[in-house]
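A, B, C and D are the chain letters, set down in written order, and residue numbers restart from 1 in every chain.
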Amino acid sequence: MITLVLILPVFLGLLSFFAKNRIVNRIALLGTALVNIGVAASCWFDYHWYWMPEGLQEYFRIDSIGLYFFSVMAIVFISVAFYSLSYFRQHDFSVKQESLYVLEILLFEIAMTGVIFSTHLALLWVFVEATTLSSALLIYFEKKKSSLEAAWKYVFICSIGIALAFVGIILLSIGSSSIDSLFFGDLYKYASEINPFWLKLSFAFIFVGLGTKVGIAPFHAWLPDAHSEAPSPVSALLSGTLLNTAFLGIFRVQEIFVYAHQESFTNFLFQVTGFLSLMVCSVFILKLKNYKRMLAYSSIENMGLLFIALSLGKTGIFIVLLQALAHSFSKASLFLTSGNILYLYRSKKIDEVNGLLKKDPRTGWLWIVSMLAIIGMPPFPVFLSKFLLINALWTHGLEWLAIPFFLFIIIIAYGMSKTVFKMTFGDNEEHNSRTKLNLYAYLPQIVLLIILLIIGIYIPQQVLELINDIVNSIN
Amino acid sequence: MEFFLFGIFIIFTGGIISIFTKEKFKGIVFLIFAIALQFFILPTVFKILIYGGQIESLLMFPEPIGFAYLRLDPLSAVFALIISAGALLFAIYSIEYMKMYSGKKSELSSYYFFSGLLISSMMFLILAQNAILFLIIWEVMSVSSFFLVSFENNKPEVQKAGIYYLAAMQIGAAFLITAFAFTSASSGSLDFNSFRNVLNSSNGFSTLMFVFFFLGFGTKAGFVPLHTWLPRAHPAAPTGVSALMSGVMIKTGLYGILRIILMLDSPGAGLSYGIVIISLLTAVYGIANAIAQQDLKKLLAYSSIENIGIIGLGIGIGMLGLSYNKPEIAILGFLGAILHIINHFIFKFLLFFGAGIVYSKIHTRNIEKLGGLVKILPYTSYILLIGFLAISGMPLLNGFVGEFAIYLGMIEGFSVSNLMLNITFIVSFAGLAFIGVMAVLCFTKVYGICFLGLPRSEYKTDISEESIWYKLPLMMLTILILVIGLLPALVLPIFYNVVQEFIRVDVANEFTNILHIYRMISFTTLGFLGVVAFFYLLRYFLLRNRTVTQFKTWDCGYQVQSSRFQYTGSSYVQPFLQLIAELVPQKIKLDKERVLFPKEGFFRSDNQDFSERYIIRPMIIYINRFFSMFAWIQSGRMQQYILYGLIFLVLILIWIFWV
Amino acid sequence: MNNILIILLGTTMLYVFAVSRIEAYVKTLAFQGVLLFLLVIIDIRQMSWLNIAFLAVETLLIKTIIIPFFLLRVIRKNEIIREVEPYITQFYSLLISVVIFIFGFVAAFWASESNTDIKPLYFGTSLVLIIASLFLIISRKKIITHILGYLMLENGIFLLSLSVANEMPMLVNVGVLLDFFVGVYLFAIFFNKIHEMYDGGHIDVLTELKD
Amino acid sequence: MKFLIILILIVSPLFFTGLINKVKAIWAGRKGASVFQPYYDVFKLLRKGEVISRTTSFVFKVSPAVNISAMFFALMLIPFPLVGSLISFPGDFVLFAYLIGISRFFMLIAALDTGSSFEGMGASREITFSTIVEPAFFLIIGSLALLTNQNSFSTIFEMLAFSSVYTILVKILFVVSLFIMILVEGCRVPVDDPDTHLELTMIHEVMVLDYSGPDLAFILYSSALKMVLISSIIANLLTPSSLDVGPALLIFVAILLAISVLIATIESLIARSRISHVPQFIFLMTALSLIAFGVITFFLHGNYK
């Protein structure tokens, strides 16, 4: 199965790259997406069942949390794939560009899949670096000055970060020389034998490195640029899946601490950075001029939430999973919708967009509803995770943290809603010429939001089982 | 119960269906569903209210919500009553009122959709017994009402008001989420019943939680100083919505408070005193600001704050009665609160509808521009006279009935020999009187200036008489006012079970005594009505064969040149506002040239909201200033960004080496 | 023998801070590659031959020959002959690099006491390389200098991995190398683009995106 | 018995007005009109037609009737020493105050109905002063209820005996403040001057400028009755309850007369104060009632502390 999702896209990508044919491009893109969905779905029935060639057996495995993140990624990816059809329509690209786009996006997808499934720390590192490299060109896809700058900052800062992460890995292998293996399984099993000092030392580096990819403050600085300058579907992927996968990396490393009963160290680190990210977001959310940057900052905030939740033990993990899913879907939907807005108004400036509801009601309502979903309006799951977070804060005796938490959350919610309603409300005198968008510009977001609604009110039994399985799998 | 739930579903679908109907039938469709709603809701409600008891049903959600009870007890039933009645009136009224916006199809669809959502969510809210479910519905309610408020979102001020409202609701919700989360965390369950032992544990935590709940619900209800959204949102919204919000939705905040009180075995005296004081403050503050307003709907919004204060006073007295274990006080307090909830719903709907009619005909809400409407809109004017009398708590009408119960509660309280209690009750006794007379000032101003006298501005000539869709709800409300006002003894027994729910001991005897008092009152007031009629007839007969000359106002021979010479609203209230200048800060802008023969001057005075000016705005400014201190971090310099990471890394390393 | 090589490797960093011509940087990079190659060759521990061959290829072919020449081509193409423009003057940066040296070796010896199976000299030098190259990146203005700094950082990390007794699986090594290679390639591409769009590979031109 | 007294009081108010005028005349050294002059005026007015402003509406016509009947019913609630009131139930004094309130409401909107700036001014002043008087009155009644631990007019005044020094003190304070209330509500000097019609300091008289004929008669009568109402509360306070019915009632009536004489005396001796100083004067009432309340609380809670 994994080979399918790891190898097939490469062939499809190369095929479309060399075939230079629009039909092939679409087949490759949608084919990959559907295959991912299929694999994910088949794994839902029994995720211990998979097939790998002998050599790679030990390097790739589907465990429960991997499956969870993979399914989230698959859903986001298929919606992005479908949206891309509309994206191609919006800017009439040449066949060559389309093929390039498909190739890059497929490589990007593979890299992320690799991160999710790899069972070896260094291998995970390799794939994380690969995600950086494969997505860098995507960010620069529209060949604008600003996007070039964004791409440069992204690729360079992330590379430095990743390099540091590798230093961390080496330090860990020093610390765990008695184990002489960097497979997560072994690391968990013999966690107690690892020299705690070296463990912490290495984690400091790994956290800085992968944290740079996750885009958590204070390593967030590249994120607003990259996410705002990339083409909208790519932004959706970056924000909806890449951050999650990088987070998964930190999650897996952090589990070592749980097994070694050193988690107090990481918890403190997570709380500090988490609240820092909330603060960074609330500093800028009110003074932004560019709505895609607003979304990027909200991603930083949500990553902060993930880390705060991760620092709260078992209950925290439930929140993490819920929040990761909610953020991926709603943020993907937001970014895709922002693509529509960009197309309709030809501008990323907030001041130049108003009367969206009059210009294109569907886009307008999608924009509003997705925003409500991300700022945690019920019945969307972000609300649940926030409630549970406060709940967990109480049970961990950190109730005073609720004060800064809500201070930031309210400011962020206020800032986002203010911006969004400023854009959607009002009349627009200047452009009343309604420009048609095709179905694919709406369908993916609608589907994502419907899934979110279902999750928010009534989490399906299988999902709940999987989540509980994950929670219990941590000792 | 299923019946009831189906009713909720009905009104929701009504909203959805009216999206797909043709523009001119949307209102009718919604009305039909609203009527259907009555048939589903009212039988159950009245059954609960009259025979007591409760019906409940269990919903099973997966984690994290878990099992959720839906329970309809007398308290919920009271609110269900006003919600469904409000829905009906709202639906009738909207048909005519929304004709102003004909042509805006998509807006109208969203209007009816969100109305349906709002009504159904309120209806569902009063059933929910599970923390998360409650919060979910609560937020849905806030959001849908937000969309209703920002209906005319092409106007910038409406947009502002909407966002302000949303933000206020978020702050309130934050308190609620915290309170519910902490309470459920320490009780280990999300079910309301499990909160009892947490809230009754006699430590600081339970008090803190109560305060949080009060802050959260109080923001919705509009207790000072959390009220600032009300006077912004109400004028912005379409009138039907303002009525629905002010008459019904802000009551859900009170519902929450009452629900929490129900969980307490006996509320602490400290909390009760706190609530009494805050409510008194709210009422005085609200009416004082209402007096100063020139915008009709803003004035009504402030008067809602006042009435919330009065209701809160009733609740506080009830709590004091419970905490001092004096059921005869508690019963009166809670009875007064419940009665006033109902009454305020009635006359506030009436008044908002009236204001809306005026707006739809004259197209201004500015009191200073109105006048002499009684000649143009006689029907509305006469009905509104009743409304204004009622809201000023005049005898004969329902406003008095509620307030009298609260007065009686205090009077009963005098018999308790407790210094603190006596002082509180005397102060609130005089305070309520003060509020009453201020209400008289406020509403004589409104009625005298807007409806009597001569027009203060040019009206457009062809103002048609009110349509049936306007007359019908006004008539229904008037009948309610008169019935409750004249025959309270018939209406009161309905609310016995509600009060009984709060006072756990049996208070049948006290209740019968109260009924007796009310009989006396209705007897007196009816007699009074008779005497009024007698004197009016006497006058009639005296004048029958005398000459009655119609002439211009004599005014001591002082001949008025134009209607602009009339007394204005602001000049009418100016002497009083001078007395309370501290409470209602006036911003006066006056420029007139100080020469011997001044040509032309300019004078403008508008009053500001005290708590907004001295509490809310400074807070916002400081928070902004704090955050602006960090604006430099995103400077665009890549090396700086890398440096952040390295510095943080170094910090972590140092920390590791230290620990 | 290899200690001398390592010291040499360390001193290259000092040289980097001393000189100010970009070509010199590239040459230094190539020299570092050579040194690393020699290090790999000289201390043949009980590694699998495959691994040794791989490392040899990596150091000699890629680190020493391909990348430097590639970079030289890029530099010549964009005719960058001007001096590097440091935020911090040569003298102070030299001073700081010395400090880094001292710190690196102190840390190394301290670490070797706490944990026996690391070679202090390797460890210290690699630390020096890493920190110094980071300092290079932060203190210089030219984008090409940043790229070179990144490459030196990679060298440092390579040395660090040499200093560790246990080795990575082949798959990982291949992956790392691939990433490294592609990364450098990407850098070059972007560097060219930047030179086309903005005249001059000056980092200060890249400050349009900010809040 | 009750009916008899109420009958007397119903016919008497104008007599008190006449008495006041008479006393004032005597103070002024004039002979003065007959004590029954007000009756002649009222009957004359009742027989006249009316001139009604075109501006006015139904409200203008109905409010005198409301006014007078409100006073009547307020009278029904007033108790008399040892006889009690016609209608009595817990909290009846609240109804009493609100009946006065409804009459006020109608007089105000009637004044605004004429659309004259002059009458609007009067209305504005009237209500402004009432906002100070009303709470003070409730303070008084409330404290009395607290003191006697009763909840209706008649029972309160039954319980009020010259029992202790506290009660005497309290009574004196209350009497003074109620007397101020008479001056305000009855529009007497120093608050207002009933004799003039054309001064910018007018309050009550100016509100009813446009009334004529029977309406004016109603108004004159009801304002007289209002004074009687309040002064009968004072009388209730001062009548010793130790006597039996006859003498008690006599004292009651005597006090009423005394009050009118006092009012007349004050009116002839003191000048009307500036309108801007009136509020301070009325606040005196509040202050006195507060002091009295303080005394009461001390009386109730002081002894066991």
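By our rule, contacts are C-beta pairs under 8 Å (C-beta built on N, C-alpha and C of every residue); 3 or more make two chains touch, one makes a residue touch a chain.
This structure is a prediction, so every number in the text was calculated from the model and none was measured.
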Practice task
Kindly list the shared contact partners of chain B and chain C, in label order.
Solution key: A
Exercise for the section: Taking CA centroids for every chain, report which one is farthest away from chain B. Expected result: C
Practice task
Using the touch rule from the top, work out which pair, A-C or B-D, shares more C-beta pairs.
Solution key: B-D
Problem - Cα-centroid distance, chain A relative to chain D, in whole angstrom - result: 78
Completion exercise
Distance between the CA centroids of chain A and chain C (whole Å) is 31
Handout entry: Distance from chain D to chain C - Cα centre to Cα centre, in angstrom
Key = 101
Fill in the blank from the handout: Taking each chain's centre as the mean of its CA atoms, chain B sits from chain D at a distance in Å of 36
Problem - Two or more partner chains touched - positions in chain B - result: 631, 634, 638, 642
Exercise for the section: List, in ascending order, every residue of chain D touching at least 2 other chains. Expected result: none
Practice task
At least two other chains touched by the same residue of chain A: list those residues.
Solution key: 152-153, 156, 160, 197, 224, 284, 287
Handout entry: Those chain pairs that satisfy the touch definition
Key = A-B, A-C, B-C, B-D
Exercise for the section: In the complex, go through chain A and note every residue touching chain B. Expected result: 152-153, 156-157, 160-161, 164, 197, 200-201, 204-205, 207-208, 212, 218-219, 221-222, 224, 269, 279-280, 282-284, 286-287, 318, 355, 357, 361, 372, 377-379, 383-384, 386-388, 390-395, 399, 402, 406-407, 409-411, 413-414, 417-418, 421-422, 425-427, 457-461, 464
Completion exercise
Listed in rising order, chain C residues that touch chain B in their complex are 134, 137-138, 203, 206-211
Completion exercise
Contacts from chain A onto chain C in the complex sit at residues 56, 59, 120, 122-123, 125-127, 129-130, 133, 136-137, 140, 145-146, 148-153, 155-156, 159-160, 163, 166-167, 170, 173-175, 177, 180, 182, 195, 197-198, 224-225, 228-229, 284, 287-289, 293
Problem - Touching residues (chain side chain B, partner chain D) in the complex - result: 371-372, 374-375, 381-382, 385, 389, 392-396, 400, 404, 407-408, 410-412, 414-415, 417, 419, 422-423, 425-426, 429-434, 436-438, 440-441, 444, 447-449, 452-454, 516-517, 520-521, 523-524, 527-528, 531-532, 534-536, 538-539, 542-543, 546-556, 558, 560, 563, 565-567, 571-576, 579
Problem - chain B residues touching chain C - in the complex, by the definition given at the top - result: 631, 634-639, 642-643, 646
